[in-house]
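For reference, the structure discussed in these notes is given below.
Naming follows writing order (A, B, C, D, E and F), and every chain is counted from residue 1.
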Amino acid sequence: MVDVSAKDVTVRTASAAGLVRCSGAVVDALRGDGVPKGDALAVARLAGIQAAKRTPDLVPLAHPVAVHAVEVDAVVVDEGVELTATVRTADRTGVEMEALTCVAVAGLALVDMVKALDREAVITDVRVTAKTGGRSGSWTRG
Amino acid sequence: MVDVSAKDVTVRTASAAGLVRCSGAVVDALRGDGVPKGDALAVARLAGIQAAKRTPDLVPLAHPVAVHAVEVDAVVVDEGVELTATVRTADRTGVEMEALTCVAVAGLALVDMVKALDREAVITDVRVTAKTGGRSGSWTRG
Amino acid sequence: MVDVSAKDVTVRTASAAGLVRCSGAVVDALRGDGVPKGDALAVARLAGIQAAKRTPDLVPLAHPVAVHAVEVDAVVVDEGVELTATVRTADRTGVEMEALTCVAVAGLALVDMVKALDREAVITDVRVTAKTGGRSGSWTRG
Amino acid sequence: MVDVSAKDVTVRTASAAGLVRCSGAVVDALRGDGVPKGDALAVARLAGIQAAKRTPDLVPLAHPVAVHAVEVDAVVVDEGVELTATVRTADRTGVEMEALTCVAVAGLALVDMVKALDREAVITDVRVTAKTGGRSGSWTRG
Amino acid sequence: MVDVSAKDVTVRTASAAGLVRCSGAVVDALRGDGVPKGDALAVARLAGIQAAKRTPDLVPLAHPVAVHAVEVDAVVVDEGVELTATVRTADRTGVEMEALTCVAVAGLALVDMVKALDREAVITDVRVTAKTGGRSGSWTRG
Amino acid sequence: MVDVSAKDVTVRTASAAGLVRCSGAVVDALRGDGVPKGDALAVARLAGIQAAKRTPDLVPLAHPVAVHAVEVDAVVVDEGVELTATVRTADRTGVEMEALTCVAVAGLALVDMVKALDREAVITDVRVTAKTGGRSGSWTRG
């Protein structure tokens, strides 16, 4: 693990996004009465928040970071569910991995909720979209 | 959580795959001397195996399953790293979520290893590719 | 830890219940537009399910048990929120601790959701209400 | 999760209390030679301390907090065991949930230790009793 | 991870032992009024039991095993504290790693309890001492 | 848990070491083509890093510490594998337990990797070798 003990405690944020591509039947269910297993979008959001907090447990060389805020959205679109997350901290290193982990695990939870209806659901395009703070400053994906 | 207590203990497998798309510079490094942070492929494989065992901790409505075998591969291709996983159990429910979690978290760990070289790496096409066992029998993605 | 390796694998269930007593203002909010922090009842239910799976991590001398089903309910009543849980397994020991842990942690999560409105919320009457299976057979709280 | 990154790092404490109500036979055992399963009060105290550290893992929207001190007491009284806990931190948000989690999980561990003697033990009156520090200052339950 | 899904569910045990070597002052304290931080032997035993249950989380390629019994002893001897553990399961693979993990983590917890008195405490001779069950049958260290 | 909330945030380091003693056949394998189960030294190093981050989960009275750097080495010597670790933090308490936990769990993982070749492998001499920072300043084992 890279040594971050000499870095400053500053406010840092990172945003990530991804898509769970699923069948029209699932999209219709999510826009209508929901899927039989429960509130898929709520479960995905909570799973993402909890996973953000567990990032250093999942990613072997990630530093423990004091996660100070997590926002997750799960929006039903025609091809599936768009997931976005923003994580914020006042700590010595960035939270890109926390934002990515949030989206990836929200995606896993969502697939679990819909897999009885669509065993072909795909988690795709999980990527960092923006960051602020830290030595390298702000960055937005082109 | 769906009740699986009355299902039979039988051997079940699931396979999943995904791609971490990254820059040519990262691909070259992985094919050459490796990335500065360490052995990226080894870290990704181990992270995937450990995550497979933690699936019920990450996916809120997933059942605890006795994971009896996990194989993970990480193969460098021109567009990045292809990840594949097969999970096997003798238990009462399937291991599709374990296989997907293995690939997704291996992808997160890989991004963490290469992000100093390529902040635009993307985890994509994470999907179940095949399963065997259980009431619904064998299935291979078309 | 008591040795359970010689006990039979049989279907066992346990139910537990408890109450989060909270202010009239919270009850009104939960019956109306909800609390500002989010869907308190959904968060409580999910936290309970996840905690049931983590019982052996929380309760030092509890055995790992294959949790095969968890049902949690959170019902708003005049004095607060009634929580009930039923856990089911086919394993060598009972799931009373899993059902109690589910209710207790659902209660903790609920308090967290409403504490900005009512810092005096109380988790109370957390108790096993019934069990079936195992050597001691069925039992219902008198 | 509410954003706390702009809050000050200050010393904050929270205290919580609760009661495990159990049978006279259990109270007698705890006051005498102990229960067969082991040192019930010691197990409860340790389980509480460890749970305080795991609060953000158990309570979905709780922030990770640097737990700097935990004190737990378990006192045998005529109606059962009174549990009290005080948690202290120098961090950006309060530790009420940590203190409550400590008491609730100490209660679960205690029930586990005595349940062979009394399957009707109840965890009750788990509540925050006092706090200091933070924007809202000191508060003691009336 | 090696595939164990085709192995039989049979009763298997493993025993391990180790020594925490510490100063005469610590030995005297443990034989007398104890160390200031608390009941060192009780904390070590509980930490060992809990660690045995978490073996697959700590040891990357270890299989999840249904831990059905753990016994730990911590005996004060002239040179320190002797730790022994026996783990028992009815499952498809052995519990040697669980027994070793139990002893090693009990040792870590013990060092933590005494380190204010003796910063030179050493965990040593952590080894499997015997096993029964499984294809390779019984074995006792020579 | 001892109260550390009033201690200063300063840079602190701790180093630990230990030895996994194993057979000549294992030493030859590690110096040659490796052991059948995989890259034993890489697995041990990663397990150690991850365990360092989980120290407060394993050691009941250890404080959560912001682990800012971990270095682990695993060097094959004639009698087995020498493990060393250095942990660094900028926090309110020392990281001796993190360094020891890193070495002890790296040792467990290593034993798991070689146990098919040598069931008599021993984890030994796990000890703190040096520390810097904090009120008691620098110290090196004599």
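Operating definition for what follows: contacts are C-beta pairs under 8 Å (C-beta built on N, C-alpha and C of every residue); 3 or more make two chains touch, one makes a residue touch a chain.
If you want to know which protein each chain is, UniProt gives these names: A, B, C, D, E, F = Cyclic pyranopterin monophosphate synthase MoaC.
If you're wondering where the values come from, they're calculated on a predicted model, not measured in any experiment.
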Q. Which chains, if any, touch subunit D and subunit F both?
A. A, E
Q) So which one's got more C-beta contacts, B-F or A-B? A) A-B
Q) Do the two copies subunit C and subunit D share over half of their interface residue numbers, or under half; same or different? A) same
(Q) To test your reading of the model: what rotation angle superimposes subunit C on subunit E by C-alpha positions, in degrees to the nearest 5? (A) 120
Q: For B-C, find its twin among D-E, D-F or C-D: the pair where over half of the contact pairs carry the same residue numbers.
A: D-F
Q | Cα-centroid distance, subunit A relative to subunit F, in whole angstrom | A | 32
Q.
Can you compute the centre-to-centre distance for subunit A and subunit C, using the mean CA position of each chain? Integer Å is fine.
A. 28
(Q) Using Cα averages as centroids, what's the distance between subunit E and subunit F in whole Å? (A) 17
Q: Pull out every residue in subunit B that's touching 2 or more other chains.
A: 2, 43, 46, 50, 54, 57, 60-61, 66
Q.
Edges wherever two chains touch, nodes for the chains themselves; is that graph a line, a ring, a star, complete, or other here?
A. other
Q) Name the touching chain pairs, please: which are they? A) A-B, A-C, A-D, A-F, B-C, B-E, B-F, C-D, C-E, D-E, D-F, E-F
**Q.** Contact set on subunit B toward subunit E in their complex
**A.** 11, 46, 49-50, 53-54, 66-71, 88-90
Q) Tell me, which parts of subunit A touch subunit C in their complex? A) 39, 42-43, 46, 50
Q | In the complex with subunit F, residue positions of subunit E that touch it | A | 2, 18, 37-38, 43, 46-47, 50-51, 54, 57-62, 96-97, 100-101, 104-105, 107-109, 111-113, 115, 119-128, 139, 141
Q: State the interface residues of subunit D toward subunit A in the complex, per the touch definition above.
A: 1-6, 56-57, 60-61, 63-64, 66, 91-92
